[in-house]
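One structure follows; several queries about it will come next.
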Amino acid sequence: MEIKINDRNAQVELLSRKDNNVLISIDGRKYEADIVMVENGIYSILIDNKSYNIELIKIESKKYLVTTYSQSYDIEIIDAESKYLKSRKKDDTLEETTISSPMPGKIVKVLVNEGDQVKAGDTVVIVSAMKMESEYKVKKDRLIKEIKVREGDTINAHQPLIVIE
Amino acid sequence: MEIKINDRNAQVELLSRKDNNVLISIDGRKYEADIVMVENGIYSILIDNKSYNIELIKIESKKYLVTTYSQSYDIEIIDAESKYLKSRKKDDTLEETTISSPMPGKIVKVLVNEGDQVKAGDTVVIVSAMKMESEYKVKKDRLIKEIKVREGDTINAHQPLIVIE
Amino acid sequence: MINKVLIANRGEIAVRVMRSCREMGITTVAVFSEADRAAMHVRYADEAYFIGPSPSKESYLNIKKIIKAARESGADAIHPGYGFLSENADFAERCKKEKIIFIGPSSFSIRTMGDKISARKTMIEAGIPVIPGTDKINNEKEAIEKSGEIGYPVMVKASAGGGGKGMRLVFNEKDIVTAVRAAQSEAREAFGNDSIYIEKYIESPHHIEFQILADNFGNTIHLFERECSVQRRHQKVIEETPSPIITPKVREKMGEFAVAAAKAVSYSGAGTIEFIVDDDLNYYFLEMNTRLQVEHPITERVVGVDLVKEQIKIASGFELEIKQESLQQFGHAIECRIYAEDPDNNFMPSPGKIKHISEPLGLGVRHDGYVYEGYEIPIFYDPLISKLVVWARTRKEAIARMKRALYAYKITGVKTSIRFLERIMECPDFVNGKYNTHFIEKNREFLLFSKKHDQKVDDVAIIAAFMDYTFNMEKLEARLFSQNGKSNWKNSGRKISIQRL
Amino acid sequence: MINKVLIANRGEIAVRVMRSCREMGITTVAVFSEADRAAMHVRYADEAYFIGPSPSKESYLNIKKIIKAARESGADAIHPGYGFLSENADFAERCKKEKIIFIGPSSFSIRTMGDKISARKTMIEAGIPVIPGTDKINNEKEAIEKSGEIGYPVMVKASAGGGGKGMRLVFNEKDIVTAVRAAQSEAREAFGNDSIYIEKYIESPHHIEFQILADNFGNTIHLFERECSVQRRHQKVIEETPSPIITPKVREKMGEFAVAAAKAVSYSGAGTIEFIVDDDLNYYFLEMNTRLQVEHPITERVVGVDLVKEQIKIASGFELEIKQESLQQFGHAIECRIYAEDPDNNFMPSPGKIKHISEPLGLGVRHDGYVYEGYEIPIFYDPLISKLVVWARTRKEAIARMKRALYAYKITGVKTSIRFLERIMECPDFVNGKYNTHFIEKNREFLLFSKKHDQKVDDVAIIAAFMDYTFNMEKLEARLFSQNGKSNWKNSGRKISIQRL
């Protein structure tokens, strides 16, 4: 099976398993791991007697945010279904670009109107969260296609705010 | 609806509700409550601005162990279905009695054999948990009908250990 | 004694105040906005009153609504915490009018210290050292003379200034005239007012503050200093006590000035005198915070005093029992502020739902927080999640303990500053106690350097995700089987095809 | 310095030891039985080794397996914690033979103090007061004489005794002969041996112990006392320091004896000298615990020393840095032991799965635990869940703080002693510091008295259950609807019938 970790892909195979002891190959590297879910979403893993604590947040059914002590990873399971969906997506050339905020917050100000032509670096929307305001800019010269929010709106993380072309 | 709390029954009615604000009557006493589940199984309830924290453990679909700051309650929701089941159960005169332990543990010793006639106060089984042994006795003269465990067995709380008649 | 206290605040400080109230047998009243119905301070309090919509202006900053809740609940006192209405003189006055005890100083003290000009004037009169500076400069000759008196480097500032405009830093007399002219012209353009003044520039400023307590009988004491120079955008990040740079002699003298400063405004309650200190341990009054500080726990730990209890006792009209000469600093304490923010992404705030939290515990660790698993940190308020406070016999041991506590502190669901704080504990400048308010800027690279890539840790992360996926698939299959009977060939086929993917 | 420590233990003490190791930069190695794969000490450690089936005998008490894990991991030292192998002289010897440092005293110290007879003999030789008593009594005349010397009341005991058999309490000389005869006859029947001896009977015994630290260079210090008289079935429940009954003079003298007792067995490491103290503050050596005690945190808090770190430094061959004269007791600390047990059901152990836990935090609270939400407390080991330790300036404030902490401490899923401990904090005998080892027995009724019935609280419990049921019903209906389409009349009918129930 293929697994995408951040920006690279790894070939993963479960070679054998007995209860919570598994033998796994990752890009040819073999690991004997004792893996137990100790709390909801938290795994205790022993490999060569080293103790690892890994926290998983499921974003979607095959997408995880995985946190080790020192780092966070975006991990995606790529099975036949996802491969099929991805290949279809590639055919679909209608790629839209949107402005969104990585955090939830409140719209302070929308600085553009639909149909506006904006220049690279122009601020198009200001979002406030926790007493701090963040400005969102366009990276290239763009046309404002659709404005999906109004001032005062409460928004979620990654929600499309403005559609640009 | 009827609700059984410990050994008594109460008549409960939901009179009105708006979002998390409810008006409830319990045996004729009316309560305006603001009720929110804040964590899994934990409710924050405000009544006349007093703040209550209630923890619920669901034992079965209609049975709860409810813990307030000062006390624990066994609470059962009695709807038409449970009433029907209860009435059927009453007809069923085949009541068996069993010896069980209120805690999980390990069987240290079974002191009787199937078919034995025991006297009130006789110890029939010894269970150990957390370095402490507990003796379980019969309350009345009884016949040992069936022994369901063996020495060394690990048992759950409330699991039938010995069936008596 | 006060019987019932309304806490006009939220978050960790509301819970912290309630804890002391509970120990004193005082009933606690929470107030909450729409966003805070499920917040910990509502759950912890004896009573809770709804005070309006989520934005602070319509709830926690709304004096009318808070007074109404106090009247309805029959609270005889209000504790303002920090932030919100804590330094609002009108609110203190309004409480007085309503015959509700405001747990804090008088509106006079708040007003005098709240205004920079009147505070500076009052301090000069009381003989407290302030940053050397001038009134309005009338001509270039005066600029040269006064700058010479103050001593270079100096900062030329626009009287109407703000945002860095009309400011010029001058290191030598030869540059002063050019600087004055440039500042004047910039100020004229920016503010339509070219008046300027000159102030001493502190090159490596340390931010050191003194905790004071004053009762209504003229007794004022200080509880030593807190070193607060680890700041980011003028926001304190880490505080410690004792300060690694202060000497016993300077400490004693600064403490005396802190007491004198408080007395100069007839202060009552707990307050903090902030000083700017340079590398040569010259110190200057900066401002007074007329309330409890976020970082008060490090003082509590090293001195052994519950500051909230002292506030309540003073507000109840009791005389201070603690005497200056009985106080001493025992050991060393450090506080780290844990924010919901993303250090890897320019410290952008990160509100959201807490998925999992493991709090660090054990010897010498105090943890003041308010979030819990499943709690959604709202977007409307401060991103402070909690304060991690450690104590140890020595500074070195305290740093080791903080590292241990940060190591064991885990929060998922929101981004936090925990790993960034860990890097500070490893940063040589901090470890050696050689830092000033430029510390984070100066060590930016070290602090944001993420640990080197470890193939094995990557692989362990993959194993966890892979096995979780596998376990879930098995559960799903088991459910399919149990729903469709044991010998359902179609599902059996499906199972095999899933495994082969 | 030691680089890698294997902790031959589990539960809260294993985690506590690892915390100090981490602060010292020492790698930690956990060992675990089958039941403990998911236990916190395995999660917290750097490395973890499986050592066998769940019963202690086959894992935590199995010397061979633990030594094997130590060798495999390359640990240069073993910390035994308390319980298990911590007072096993053979284990200490075996470690020595394997050239692994045993973090504890020599097998000689363990053996001498582990045997009651040799310990008593050694203490008498060292001039430490022991409970006055006789050797074998040969005749009635001797019984009368010796009892007179000891002073009434005395206890006549069978030399072969046990389980209370062959024991007689005598208050007056007139009853001694009858008692001796009765004891002899009872002993003859019970044990086939009628030899008896006589010991002073301590009417209201206090259990007070002294913490000591000794290095390998002849330096031995004590860290003052712990009052451990709140016991149930000889199991400590609550400990505090300072003791409410000890005077400075007696403390000093007892401390000197404690140091002398440790020196008499060439002690090294951390240890505890237990004394029996009567109401007149006469004290007698009871026994020595040659290991870390469960209740060591209260000493750490009041004296400001990390005892585990001191153990490790001593075992590493360092000289004690702490001097007796630099130590002092600052404030007051209390520890409550939280057990998984049911006080309403004769304190029956209550293992099981933790559904939810809210730990008390904040000023002056230390919480040493190891359980977490979803953790299943195994049936094989001690029912101790955690230790709640509070500190305050005064004993009165410490009690208030403990009440506050216990109030906020919530565990569901297993029964605990939390509410019982709260009652102790409210019990007048405890509050007044007037208690001895009979405290729980004497106050049984007060302690097990549950708060009076409150109709309103019953009703709030009903509301919670009722609304939870209602919410779940709604969710179920929503799911039925979404599965079967919007206009499914059959389901609509079902919905209405459900609501009407």
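A few remarks follow.
For reference, chains read A, B, C and D in written order, and residue numbers begin at 1 within each chain.
In this section, a residue touches a chain if its C-beta (ideal position, glycine included) is under 8 Å from a C-beta of that chain, and two chains touch if they have at least 3 such contacts.
Fair warning: this is a prediction, and the values are worked out from it, not measured in the lab.
Common neighbours of subunit A and subunit D (chains touching each): C.
Distances between chain centres, each the mean of the C-alpha atoms, put D farthest from subunit A. If you average the CA atoms of subunit A and of subunit B, the two centres end up 45 Å from each other. Look at where the CA atoms of subunit A average out and do the same for subunit C: the two points lie 32 Å apart. Distance between chain centres (mean CA atoms), subunit B to subunit C: 48 Å. For subunit A, the set of residues touching two or more other chains reads 39-40, 53.
For subunit C, residues touching at least two other chains, in rising order: 44, 372-373, 407.
Those residues of subunit C lying in contact with subunit A across their complex are 340, 342, 345, 348-352, 355-356, 379-383, 407, 410, 412-413, 419, 450-451, 454-455, 457-471, 501. For subunit D in complex with subunit A, the touching residues are 30, 37-38, 42-49, 72-73, 372-375. By the touch criterion given at the top, residues 20, 34, 36, 38-40, 44, 46, 49-51, 53 of subunit A touch subunit D in their complex.
Interface residues of subunit B, counted against subunit D in their complex, comprise 1, 3, 5, 10, 12, 14, 22, 24, 26, 29, 31, 33, 35, 37, 39-43, 45, 47, 52-58, 62, 64-71, 73, 75, 77, 79-81, 102-106, 128-132, 134, 154, 157. Only residues 15-16, 19-20, 22-25, 44, 297, 300, 304-306, 330-331, 358-359, 361-369, 372-373, 392-393, 397, 400-401, 403-404, 407-408 of subunit C touch subunit D when the two sit together in their complex.
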